[in-house]
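Chain lettering (A, B, C and D) follows the sequence in which the chains are written, and residue indices restart at 1 in each chain.
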Amino acid sequence: MSKRISTFVNPIGSLDVLSKYEVELLTDANHEELQRVFRLCALAILNTGNTSDNSKHIIEQHRDFDVKILQTDRGVKLEIINAPEDAFVDGEMIRGIQEHLFSALRDLIYSHNLVLNSGQFDLDDSNGITSANFHILRNAGVLNPVKYLNLVVCWGGHAINRLEYDYTKDVGYHLGLRNFDICTGCGPGAMKGPMKGAAVAHAKQRIVDSRFIGISEPGIIAAEAPNPIVNKLIIMPDIEKRLESFVRLSHAIVIFPGGVGTAEELLYLLGILLHPENKDLPFPLILTGPEESREYFDQMYKFVELTLGKEATDLMTVIIGNPEEVATHINAEVRKVREYRKDKSDAFFFNWRLHIPYEFQQPFPANHEAMAELNLSSNQPVHQLAAHLRRAFSGIVSGNVKADGIAAIEEKGPFKLKGEQFIMDSLDKLLRSFVEQKRMKIGSDEYDPCYELV
Amino acid sequence: MSKRISTFVNPIGSLDVLSKYEVELLTDANHEELQRVFRLCALAILNTGNTSDNSKHIIEQHRDFDVKILQTDRGVKLEIINAPEDAFVDGEMIRGIQEHLFSALRDLIYSHNLVLNSGQFDLDDSNGITSANFHILRNAGVLNPVKYLNLVVCWGGHAINRLEYDYTKDVGYHLGLRNFDICTGCGPGAMKGPMKGAAVAHAKQRIVDSRFIGISEPGIIAAEAPNPIVNKLIIMPDIEKRLESFVRLSHAIVIFPGGVGTAEELLYLLGILLHPENKDLPFPLILTGPEESREYFDQMYKFVELTLGKEATDLMTVIIGNPEEVATHINAEVRKVREYRKDKSDAFFFNWRLHIPYEFQQPFPANHEAMAELNLSSNQPVHQLAAHLRRAFSGIVSGNVKADGIAAIEEKGPFKLKGEQFIMDSLDKLLRSFVEQKRMKIGSDEYDPCYELV
Amino acid sequence: MSKRISTFVNPIGSLDVLSKYEVELLTDANHEELQRVFRLCALAILNTGNTSDNSKHIIEQHRDFDVKILQTDRGVKLEIINAPEDAFVDGEMIRGIQEHLFSALRDLIYSHNLVLNSGQFDLDDSNGITSANFHILRNAGVLNPVKYLNLVVCWGGHAINRLEYDYTKDVGYHLGLRNFDICTGCGPGAMKGPMKGAAVAHAKQRIVDSRFIGISEPGIIAAEAPNPIVNKLIIMPDIEKRLESFVRLSHAIVIFPGGVGTAEELLYLLGILLHPENKDLPFPLILTGPEESREYFDQMYKFVELTLGKEATDLMTVIIGNPEEVATHINAEVRKVREYRKDKSDAFFFNWRLHIPYEFQQPFPANHEAMAELNLSSNQPVHQLAAHLRRAFSGIVSGNVKADGIAAIEEKGPFKLKGEQFIMDSLDKLLRSFVEQKRMKIGSDEYDPCYELV
Amino acid sequence: MSKRISTFVNPIGSLDVLSKYEVELLTDANHEELQRVFRLCALAILNTGNTSDNSKHIIEQHRDFDVKILQTDRGVKLEIINAPEDAFVDGEMIRGIQEHLFSALRDLIYSHNLVLNSGQFDLDDSNGITSANFHILRNAGVLNPVKYLNLVVCWGGHAINRLEYDYTKDVGYHLGLRNFDICTGCGPGAMKGPMKGAAVAHAKQRIVDSRFIGISEPGIIAAEAPNPIVNKLIIMPDIEKRLESFVRLSHAIVIFPGGVGTAEELLYLLGILLHPENKDLPFPLILTGPEESREYFDQMYKFVELTLGKEATDLMTVIIGNPEEVATHINAEVRKVREYRKDKSDAFFFNWRLHIPYEFQQPFPANHEAMAELNLSSNQPVHQLAAHLRRAFSGIVSGNVKADGIAAIEEKGPFKLKGEQFIMDSLDKLLRSFVEQKRMKIGSDEYDPCYELV
């Protein structure tokens, strides 16, 4: 076991000033759940460089880890107990990690007060949820009136191979040379590569205000420790709010090879874009990877074609083995987005006009009952089928890497999924290919499926 | 009548990004009261250089003034209709005024959501009110972890003479040379002089991050148009929250010659400092003016001595005709405050440990009933007597300059105040001297009292 | 006698790093003259708030003042011995004054190396002198590629009355509201007022990078202690280089009431603008003052008309008693200058195209011989007559306030000036009016002329 | 042949304002040599990503390349003709490269005026040369009064293998985590790796003012195109001034595996440190590389031991295969340097006290005569033998990669070196090992020696 370090850290960024009321949230016996979640996020953040993606295992390994809050003359201070030593250099916490710690605290407190303890937003209403998301993002400092549209969201697996990883760096590099900032889910693999590439390009272009935005949520953060290149870490309250944040912030989305998580994200986006209200809204969506990953995209493309039809594949641009083309293509497409937003007086920094139906916003509890009830059949509008497919993938992600998902599977066995034959066949084929290509979990020589298609 | 200008203005500062929810507050028929208050504050801010302190009159003069909010691709925008031309140079709004406009909008929206529409704070509880104040101030950007304690609150009249005004500038100059920032009620007279003096001193000392904080509230702002030197304008929801903000932000308080408003402020502060829980808390309080105003301080001192006793006068340091001594005295005293806060781990930027009893926080409705019921007698602890006296002065301010106060007096005649003989005598003497020294209202050759002592 | 302070001060600005070679300039016995001049400038700068304009007297008063240079691990440091206490607050030097001190050091070292010890520039050639000036100004940090033309040079007397002073503040205020920066000769009176006014306006407009440029030279600085609002102090090697810097930096020039120094400046500028090569070059020149100073401008106007003719008066715009009109007029005229420079690809920050004949650049030694030889007659081109008149006024300034000029007069009696009758008559009338209006020297009840017209 | 691009570029940094005099240097027929050198440097800078190290070949390949200077209203502008396209993204020059271009211009103009055309410095005198170097470095903006000593100079080959390259990145990373900045010779290989590593570490530590200083000279720059991570490029007039700059700027020096150039640098430094006057001066010098390069360091160590003795090897710390230890070792040693400089009041930013004898400063003309006359024998003080050995390596570098060196070898055959037997044997062994390990030139399958030991 590696060494542990205990120390005190001062706040960085906007969180240096807490009210007594907020300090109580973190010290008071009434708010145990918030404290548990913060402890979990703090551990994930400090566990940088860790290579496991099994949240349950990580938590068990660090039973003696803790974090406490103290009030001082210049503001608050955190006491860190038994933190993994990789977060420190010569006993001092790496500054990027320190920032992440306080970003997590900022978001948890704000979400707690705004979303749970305030009647301000109607969370049973689509507009209410969007409004809540907007406020959380604004409080996190990522909504700024900008002149340019330059935020590319990159999705893709945390467990990709070296070739694919280098490819994501290359795409990031060519985007970075063109002044694009990067937003990802903030873990390793395809979530880190584009940022690394863009960071080098930004250095060459002397861009000093680069935004490397990582958006996580309490359930996933432990399995995907935020990489320290992320300079804006945001913890959204749940997976659906995280997904909405991605699509409302982005000016274009790139999908790299990945596994079920990436499939969840693609289905989520397609489901929204297929909604009739979003028909004319320009939204650049590029699937890309190295020549060696062509097979992966072929299968994904076929799956979408078979289940959601040509209308869906028309929304996707596939570019294989050409990072520079990805960047120039996005450059051209984003110009159209800009024109559209100017034309409609829509904000550059938040995609208000995109309609996200309530079923894509509603938190999906990834348990056996909910999974069993999914309607995976063609007797519904495509965007609704996409919503159900998205949830199926979401459940599998949970069963693979999230602490409570893993516990549920250990207790009750695999999730059961059922539906129309041709859909189940497509799904089966896709999931098998993920297993074969080792895209399910990190370091899993033998992947033990957490689902059954029935 | 001077010219009117209609135009559009972009936000400055933190308010460029509003949620749809917040925009609705300013456009929606459900929030008329908020819109009325914003319109009032906007008018007051644009009415810079105006010399009247009669809110009612100002509002009537500008019936055709209006302000509307619009959504654009880069954020929001205000449409200003029929604004006084002095706020503009060659058709463009003076930038300081533009900032004030959006500061007002920021505070009104935040207070509205936080104080009225959220269950977050218990406004019937002393801690709840303090917490709410803290959040409003933090949102306004005036709570920052600082290394030095350097904020001096200056109180005093808006209607002082030239000699007194020059003296306030001089005190500000000597404070500014010693790196002190200034906070006032943000109108003319003693609220402007210290800032002007400090601004020159800061220029000489090459201080570029000067804070000239002005704290107002909707009821008073029209009568005391914020002077544009103020670079942090804050609109608190009511007079009591404004007073609490002054004392919790300040590291020392200077009182210049003034009238009933200044008397209200002095009584408020003495009442709090006299409370047993604040016994050992260092709090520099200096009364100062030019040699020519010695009479004024003598009378104020005697009034305090007669009504609240030596315990109260011991809290006040009177310095006559020596601006440099005021500055060096404060410099020395603030060092003790710093030691105390370090010792108690209390924040440098917010005086948490000062106990402010609930009766000083509770909004006082300045109407005939409330005024009539004040207990101006010695059969109570001194800090409670101070609380009642404070309210008496508060009511007179309202009857003098606030729109609803003036209306009440016009309708029902002067407020009636009653109490123990020696207190009423002292009060009578003090108020008469204010009238004689023309400290009641601007430009009032004949002051018509809005109160009667019975 | 006021108190004296001795202390050490660290460099501010660009001068923190000196080479051994440069340190030697200030410590080595070979460079006594440079050290004498630096000591003189340092004394002038520290003598802030002083009201005398008699250099000789000031120097005598401070015989025990000295300044030395020391080398440390972080750069150099100055040891100040027996400095006037007004430059300090609680024993610490006012930061603006500290900056001035190091600005003087910067310019003296640079000029010394560049102008005296280097063969780089041919100082007997007009282009060589202009090039040297350019390099000194660039090294001082006042040549920057700008988008806007916004530098107004203000000339006028140091010994003006209160009314006139307030008027210069007002003009500065209206220029400042329109984003103009101010450049003056950096002493009191008309050199300070416009900066004070502009500083208030810039605060209202939230302009934070204001330039208040003061240009002095070793001979005049003692008599005109730089006011601390100046945030860019430049010491040019001599009076002619100072004048050239004014006209090459400025985008417009305002002349307020003044005395012989101001007359010198006006003649200098007219002489240049009258030169045939500058015929079509736009150059806004405004003479302005309060209604009460109308007489002054009438006489100046008449003098110019009589001596240089209508061609000269056509170059001047006189505006009486209307500060705002001065600002709007300049605003409009500077636009033409901008068009002209764009059109000719001439730098916005340096008026390269203005032709300054060599006779206006050549240092004029203000001694009895040189004064006696001036050709004040109409038998020459007007711009040459202007050059001679300029020198006549320059000599009188020297005899009035400069240390060596005063000494020369004390020794040999008044300067003798001779010339054509009508010119001598005009000159006599103008000079008499300066004496009557008390514009010759500060506080001189009885002015004792340092010149005779023969 | 790759595409060529012609365009105009605006200055970045401090060079936007040139005097007419300076513009003439670049346009005038009298300054052809300066123009030739600038054209050469510009080509080298734009030739980024090029993999050749044969200057002669590169110049021949780009005969149609040119660069011209133009004057505009906002300053100067460069016209670039037929530049390699890799310096551009979508037709726009990469900003880092644009900065390098103007850095080169800045240094060439300044050196030209200061070193060649000014009598200011005595270049035949050791102090004069040091002073000239100081002024060039100060003008380039790398001399700043700092609180910390944190500049590590990294030397090593441009033609190292992947393993060694990754090792240099790792060392840079661990230095970067500890807030060290990096200075190198600015080409590829060991000159790039440490900067890349430090850049990632600085990102994690949120260090935004990283200095990645590259020091080159006109003779070497074409063969070692500056990598764009360099954010301070400096072109010194010759190789000896470049070497002096390295040692006077550095707070520690790391030597990675390299070839003759690296050997030259090591000999240069040892020769200086062996001088009696530098006996007690702390100067951290670390030789380091991966385990696989152990052989290289063994040979270098033996060579130094045999030729210069134990006194010399005592100055070197060898660390194999442990990047983190390199960083912690330097951290500890630099503290001693800091103490020493504080103790001696020596500048933190420039090692004034290091004695560099004139023979190490004097430019060495790498021609057949000079090489033949080198005294490679033990009948002299060790620091003088080191000086001669340094020159021998310098000559071989020139014969390998510099345009004029290659031409000389092509014309007259290999340089002849002679000396005492045991020294020649050691030298022979070392040079042979460089050839075997392919450390002589990039991509040279068969290395054809440019020297003979006779």
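We adopt the following convention: a contact is a pair of C-beta atoms (placed from the backbone, for glycine too) under 8 Å apart; a residue touches a chain by one contact, two chains touch by 3 or more.
Since this is a predicted model, take the numbers as computed values, not measurements.
A.B. asks: On the document's contact criterion, could you list the chains that touch chain C and likewise touch chain D?
C.D. replies: none
A.B. asks: Same or different: at the chain A/chain D interface, is the fraction of residue numbers used by both copies above or below half?
C.D. replies: Both copies, chain A as well as chain D, present the same residues to each other, with over half of the numbers appearing on both sides.
A.B. asks: Quick one: report the Å distance separating chain A from chain B, using the average Cα coordinate of each chain.
C.D. replies: 47
A.B. asks: Distance-wise, how many Å sit between the C-alpha centres of chain A and chain C, to the nearest whole number?
C.D. replies: 64
A.B. asks: Can you work out the whole-Å distance between the CA centroids of chain A and chain D?
C.D. replies: Going by mean C-alpha positions, chain A sits 45 Å from chain D.
A.B. asks: Would you pick out the residues of chain B that each touch at least 2 other chains?
C.D. replies: Not one residue in chain B touches at least two other chains.
A.B. asks: Can you list every touching chain pair?
C.D. replies: A-B, A-D, B-C, C-D
A.B. asks: Name, in rising order, each residue of chain D that touches chain C in their complex.
C.D. replies: 16-17, 19-21, 71-75, 113, 117-121, 127, 130-131, 134-135, 138, 143-147, 341-342, 345-350, 352
A.B. asks: Okay, in this complex, where on chain B does chain C touch?
C.D. replies: Residues in contact with chain C: 89-90, 94-97, 99, 177-178, 196, 199-200, 203-208, 228-229, 231, 328, 331.
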